[in-house]
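Remarks on the structure that follows.
When the chains are written out, they are named A, B, C and D in that same order, and each has its own residue count from 1.
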Amino acid sequence: MTVTVVVGNPKPASRTLVAATLLAEKLTGRAPGTGADHTIDLVELGPGLLGWGDEAVGKAIRTVQESSLVVFASPTFKATYTGLLKLFLDQFAGGTGLRDVVSVPLMLGAGPAHALAPELTLKPVLSELGGTCALPGLYLLDSAYADGPQLDAYAERWAPVVRALTETASR
Amino acid sequence: MTVTVVVGNPKPASRTLVAATLLAEKLTGRAPGTGADHTIDLVELGPGLLGWGDEAVGKAIRTVQESSLVVFASPTFKATYTGLLKLFLDQFAGGTGLRDVVSVPLMLGAGPAHALAPELTLKPVLSELGGTCALPGLYLLDSAYADGPQLDAYAERWAPVVRALTETASR
Amino acid sequence: MTVTVVVGNPKPASRTLVAATLLAEKLTGRAPGTGADHTIDLVELGPGLLGWGDEAVGKAIRTVQESSLVVFASPTFKATYTGLLKLFLDQFAGGTGLRDVVSVPLMLGAGPAHALAPELTLKPVLSELGGTCALPGLYLLDSAYADGPQLDAYAERWAPVVRALTETASR
Amino acid sequence: MTVTVVVGNPKPASRTLVAATLLAEKLTGRAPGTGADHTIDLVELGPGLLGWGDEAVGKAIRTVQESSLVVFASPTFKATYTGLLKLFLDQFAGGTGLRDVVSVPLMLGAGPAHALAPELTLKPVLSELGGTCALPGLYLLDSAYADGPQLDAYAERWAPVVRALTETASR
C-alpha cells in the first residue's frame, strides 16, 4: 500500500507536515518514524502551481493518484484550507482525479473554533475529485496535536476502515 | 447484510422513498423489486419525533443502528434536507449514533441548482453521528430519478466500496 | 421597528430563548429587559409544525414576515440547527419567505468545536429564504452567553448595520 | 463610493472579470461601460501571492480595504472558488480584513450543478474576514451570464441594500 501526505502550509517542514505524517503512520500501522512513502510539501513546488503543465507538479499529481491512502493536510486560514492546497487540488480532474484514493482531510488550527472546517470545507473538495472520503475530517490544535489523545483515538477508530478499503483495492 | 432506507418526506410513500429503495437495491446487488429489509417512512412516526422516548421512534433508531447500510433520503427543502429528517437524526447520539453504519446521503430536488446539498449539508450530519460516509452525496431530479443514467452510474461506481466496507464488518 | 425572536429549542423557555432576547435587545438598543416585540418558542406550536396549514403556525409565519429584525436561535444538535427550527423554516416560501427581514443566525452549544455551525449551516437557510443576512452567524457557549464579552462585542459591532438596513426599510 | 472587482481566474481578462464588472455596475447604478473604479485581476500578481510582503499584493489589499463595495469573482473549480482567489484572501487579517466592505460573492460555472457554491463556500470566507456580506452568493452560467435575466434580477433586488449600507458608511 502506497501512502502519501500532501501538505498545504506556506511554511516548509511545518507542524502540519509532522502531524500528517504521524496520522498516516498510525492509520496504516507503520512503525513509528517510518512515515509516509511520499511527502509532498506543496510550498516547494512554488510558482509551478500557478499555471498548468509544470513538470514537478505533474509528478506530484501522479504520486497522489498512484497512492492507496493520502492525507491532505492544511493549516486553517480564514476558517478553511489554504489557497496553496487549493491551487494543487485545482490541478486534478473533477470527478475522477482522486478515484480509488482513500483521501483523509486533516487541518490544524490555533484554537478550537474552526473544528468543523475539515469536515465542511476540505472534505467536500476531495469528494468532488472522486476520492474515497470514508473518514471524517480531523481537526487538531497545532499546539497539542502530538501529545493529545485525539490523533490516536481517531487513528484507532478508523484504521479498520482504511484496511477494508485498501485491502480490496488493487494497489 | 441488513439494509434500511430512511425517508424524510412529509408526504408518505413519496418518490423519495421509491428512489431510496432503488438505490439500496442497486448498491447491494439485490434483485429488482426486493428493496430494503426495512423502510422507515418518517412521516408515519408523527408527533413522537417532537420529543424523546417515543416507543416507535426508539424501534426505528435501533433498526438503523443494526443495519449495515442505510440510505438517508430527503426531498430538498430550502436548499437542504427537511426538518422532518433532522428531527429523526437529532434522536441519535453524537459521534456514535451511526457507528459502523455505511450511511448514504440521497436528496431529490425539482431542479439542478441544489445539487451540492447532499454533499455539503446532509453528509456532514451523518458524519457527525459517526456513520461511515464513504460515498458522496447523491442528488437526483425528482422528475427523472428512475430513468436517468445517474442513479445507475452512481451505484455501479460505489457498490465495490459498499461491499468492501460491509464484508469486513460483523453484521 | 418590529423585532422578533424565533427559538428552535425542544425545551421551552430555554437559555437559547434568553440569549436570543438579549441579542435582539442589544442589537436594537432597547432598554435591558424590554426584549423583543414577539417571541416565538417553536416547541409551543407542537405537531402543527409537522404539516401545512396550521393556524398558529400561520400566525407565527406572518409575525416573522412583518418584522424588521428576527433573531433565529437554536441549540446545536449534531453540529447544526435543530430539526424543530428547520420544520418551521420549511414553512416559508423559498427565495421570498424572509424578504426584507434582517435575519440573524444565533446558535448556542456546549463546547467551542461547533462554532462555525451558524455561519456554515444556519445562515445559508435564512439566505435561501431571501432574508437579508448581513450579520455573521453568532455562536455562544451555553454556559457563558450572558456574562461573556462575545455577545456584547457582536452587538456593538453590528448594530450600525442593523440600523442602516432597518431605517431605510418601510416597516 | 469606491467600487472594486477582484477576479480569481487563472486566465487573464476572463469572462469572470466581465461578469464581475457588469455586476458592480448594475448594483451601484453606474452608466453601462463605466465599470468599477479598480479591477484586480489576481493572475497578474503572480508568484507574489505565494508569500507575504509583496508590494503589488499589498497595494491590491489596500485598494480592497478602501472600497465601499467589492465584488469577489471566481470561476468554479472543484465545486468551489479557485486556489488563486483563496491565495489572495489568505493575505487579509481574520475578522477585520474586510471590515466595512460590502463584499459580494460571485461565481461562474459551466453547468447549474454547483449553483450553491458561492453561498456555501465563498461567502463564509468573506464573512470570516469581517466583510459585510449582506447579499446572497450569486452563481451564473459562464455561457449565459450577460444575456440571461439572472444578473439583472439580482442587481435590481439587492441594489437598495447596497445603497443603505454604503450611504451610511463614511467612505
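The rule we apply is simple: a residue touches a chain if its C-beta (ideal position, glycine included) is under 8 Å from a C-beta of that chain, and two chains touch if they have at least 3 such contacts.
Here the structure is a predicted model, which means the values were calculated and not measured.
The chains in contact with chain C and with chain D alike are A, B. For chain B, the chain with the farthest CA centroid is D. The distance from the centre of chain B to the centre of chain C, each centre being the mean of the chain's C-alpha atoms, comes to 29 Å. Chain A and chain C have Cα centroids lying 37 Å from one another.
Within chain D, contacts with two or more other chains are made by residues 79, 116, 119-121, 124, 128. Residues 10, 43, 46-47, 49-52, 77-90, 92, 94, 121, 124-125, 128-129 of chain A touch chain D in their complex. Those residues of chain A that touch chain B in the shared complex are 116, 119-120, 124, 127-128, 132-134, 136-137, 160-161, 163-165, 167-169. Residue ranges on chain C touching chain A, taken from their complex, read 79, 111-117, 119-121, 139.
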